[in-house]
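Worksheet: the structure to be examined is printed underneath.
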Amino acid sequence: MVSLLRNQKVRNALLQVLYVGSIAAMVLAGIVIARRNLADQGITSGFDFLFKSTGWDVNFSLLPATANDPYWWYFLIGIINTLFLGSVGLILATIVGTIVGLARTSSNDLARLLGRTYVDIFRNIPLILQVFFWYAIITHLPTPRSAHEAWGFLLTSRGLYIPFPNVGSAAFAAATLAVIAAIVLPAWLGRTSRLAQPIGQRRTIQFAAAAAALACAAIILAIGRMPDTPLLDFPALQGLNLRGGLRIPPEFATLAIAIAIYGGSYIAEIVRGGFKAVGTGQVEAALSLGLSPWRVFTLVRLPLALRAMLPILANQYVWLMKATTMGIAVGFTDFFMIVALTINHSGQTLEAIGILMAGFLAINLSLAAVFNRINKAIALKGNQLRG
Amino acid sequence: MISTNSTGEPALRIENLDKYYGTFHALRGINLSVKRGEKIVVCGPSGSGKSTMIRCINRLEQHNGGRIEVLGTELNDDVGNIDEIRREVGMVFQHFNLFPHMTVLENCMISPMIVRKQPRAQAEATARLYLEKVRIPEQAMKYPSQLSGGQQQRVAIARALCMQPQIMLFDEPTSALDPEMVSEVLDVMVTLASEGMTMICVTHEMGFARRVADRMIFMDGGDIVEEASPDEFFTSSRNERTRQFLSQVLGH
Amino acid sequence: MEMVVVAPPAPGRLEDLRRRFFATPLQAVLSLACLAIMVFLVWKLLNWAVFSAVFTTSGGPEACQAAAGACWSVIAARWRIIFFGLYPYEEQWRSALACVAVVVMTVLSCIPAFWTGRRIALVWGAGTSLFYVLMKGGVLGLAHVGEEAWGGLALTLFIFVTTCLIGFPLAICLALLRRSELPWISRTTGLIIDGVRSLPLISILFTFAVVLPFALPQWLQGDKLYRVILGSALFFSAYQAEIVRGGMQGVATGQEEAAMALGMRYWQRVSRILLPQAMRNAMPATINQFVISFKETSLVVIVGFFEILASGNAAYGTGEWRFAYVEVYAFIAFIYFIFVFSLSRYGAFLERRMSVSER
């Protein structure tokens, strides 16, 4: 027996069995105990509850939702809300981060100081505190009757009202897709026809594609417009309430602002790091070729910096998606809040936690997959930058 | 001190040693026996398996077939045997592998203290003795990064000796050194050899081999191609591959 | 990209200014725009926070609300609740002293002389015990104060410190397990680490606070506070484990081989050779992780703890100070800022120093 224990192979096998076995045993015991405890409370385990109606409401949904809808529909709404808030936050944070990051890498001392102050302040204050802060600000805005107004936008404690095209939701979705196509198409064309066309022609094709997609969007909006209404619907006071336009609920606005500002400060650092990673040699080489500073920026610094940033940026975006769970702090029904509410109302604890884990795993994995594709597509061929 | 009795009992016996990396057959049934106090020099082209072989001797690589017996103890899956053999077999690496976070003295003391459970004072005395022997007693309080390559390698030899091993393995100890530092390391190794240490050296330093080796081993393709005394090896090798290799090493 | 401009001998001050900020028309516009933004923001901020602000409680909330600037009286009136939560009034000096103990402990662990496993463990062990004794009492003539009465800054610090204290050793274990040669051990550990990392912290805190009691036998449940700390430590360790593993990957393989050849056993190799070098490699990233995790302690407010954010909400939430939310949040943000900023500056300093010493 003792000599067996001294055998390396036996030892290794034993260690592995013990380790995996004890973890599996712990998880299993947890599940068994939880099932018994839940059964004592009259909750039967299983996923049947997904098809029962919830009996409670969500306060934000891109899909039609009533309290009669089943749980699976609510989970779907939650995931879509999370993805929607995440995407909006991601886009806004990227814009903020790019501006601040560029300021931080600029040759102008004042711009650098401004950028640095921004990053130092907003990076060093917890996100949840910023969420609370903006929520307090927004909910303390004046009532609709005395709303702040600027260029057709209204700021009130009931949310932000913005002018919105008078179209059906299907037409709006189609138009949005067309706008996205207008951004993605030229980039895609730039890659596929890289070798086939000389640069000048490629530009023309790209512009044409973007213009065509934008025209499509305009036509869709024009056709989809509700009869006898102006193209843009401006919010306006009617009685005690605001009518028209699009209302962005305070919860959504709060989270989008907080994520944009906080995430922006992180992305600014990533942008700065990306530009720092571009060697001075590359820039000097380009300048010595007689390129103008602007062309050096667009043709050399930006493409190289982008490649350096992308992997880190991908991590940041995954983090941003997870930050949408702050929704529960202000009552925005993101995926996590739906899960929490489900546990509260139905008691299907284990199942709901399982769905939560699966949902976030799916979101993370698909984001990672997308970024791996992009990374591979734009990776420099060969190894001229290594070393 | 190091036992110098060259009795008939072998310090190392290797029988039919096989080693695979995946499907690559790195060692093909090697047989080798080394007597106590014997000095073996192993040479051969890169990728011939010479490093793999000596790394099997203290189980830095695990062999897949055959038998290794060190100082009468078989090297197998028995954890106790592995520990015992490693204590008695010292090794010097191509890249020194000194511990960068410890001073030279600590590098030499750590293993006797925690493996052999020697008291600190004794470990320090031993360490200083061997540092004297490799001729760098004055560097004891420095960190490895403050030393030259040759000095680092001599510290590495002292560190291995502090465990008072019965066999010393050298894995290309001078390959990573600047040319002017090679001789200071070889001098230490020659001294060591003259004191009767059992040594197995993988090296391309043919001058050293001629002076020190009791036996030359030439490896190629995972096999021992030739085994001969230095005289025979350098002057009248019968093997075509050996002659080719020698002409490349000695050619310029 | 910072261009280094070699200055010609003794340029005039005006000339220097011109070159730095008005070299081209575009630069000039940019400089002026930045200057305008800065002047505007600084003026607005100073005006609000200092010139038009009310600092004393003498006028009461009404006078304060009427003022155009900040109403710092709310802090003067409610600072005790922000710092100490619901801790008994006469005993609040203990809570303050406990916070000081944590700060001293943090400062000590930033000094290189304390960077050996034993010393750091000693500092943190002593600091945390001191904190716990001061807060909880029940010995040395200190009155007993249960965890449910802890709050404010002290609770935030307690959660942070215990998270690190549990999470750090756990992270090292996870990192070692993940790089184990035994495939099932490394795979299982990898699954655990990646699983935890893919989940948002809030969901883990929620699970540990609300769901775990269902899955644990009665005798194992413990206080909700400690369950949440465990959850946050698990989350911390999953991230820190990858940092430690990165540090280990930076240690040359030859180190491990040399240690093996010298006859050292696994634990001897790990504790004497691998970890000291790996931790040094991982130092900047580790401090960064501490910074992140300090900010994230604030999330426990969501599972219902009275830490500094919640006590801030309470400070302005009641009746008369309702209007002063900006001031309270600004104050709490300032407290966080001091802690986080100094820690992250220290991390940046360390990173610079290490990259210099590598050259």
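Just so it is clear, A, B and C label the chains in written order, and each chain counts residues from 1 on its own.
One rule holds in what follows: contacts are C-beta pairs under 8 Å (C-beta built on N, C-alpha and C of every residue); 3 or more make two chains touch, one makes a residue touch a chain.
Remember, predicted model here, so these are calculated numbers, not experimental data.
The central chain here, found by comparing per-chain C-alpha centres with the mean of all protein C-alpha atoms, is C. By number of C-beta pairs in contact, chains A-C lead all other pairings. As a whole-number value, the distance joining the C-alpha centres of chain A and chain B reads 58 Å.
Mean C-alpha position of chain B lies 50 Å from that of chain C.
Mean C-alpha positions place chain A and chain C at a centre distance of 25 Å.
For chain B, the set of residues touching two or more other chains is empty.
Residues 12, 15-16, 19-20, 23, 30-31, 33-34, 37-38, 105-111, 113-114, 120-121, 123-130, 132-133, 136-137, 140, 275-276, 278, 280, 283, 301, 322-323, 325-326, 328-329, 336, 339-340, 343, 349-350, 353, 356-357, 360-361, 364-365 of chain A are the ones that touch chain C when the two sit in their complex. Residues 58-60, 83, 86-87, 89-91, 93, 95-101, 110-111, 114-115, 156, 159-160, 163, 169 of chain B touch chain C in their complex.
By the touch criterion stated above, chain B contacts chain A in their complex at residues 77-80, 82. Every residue of chain A that touches chain B in the complex is listed here, in rising order: 3, 6-11. Residues of chain C touching chain A in their complex: 1-3, 20-21, 27, 30-31, 34-35, 37-38, 177, 182-185, 188, 192, 195, 198-203, 206-207, 210-211, 214-217, 295-296, 298-299, 301-302, 309, 313, 325-326, 329, 332-333, 336-337, 340-341, 344.
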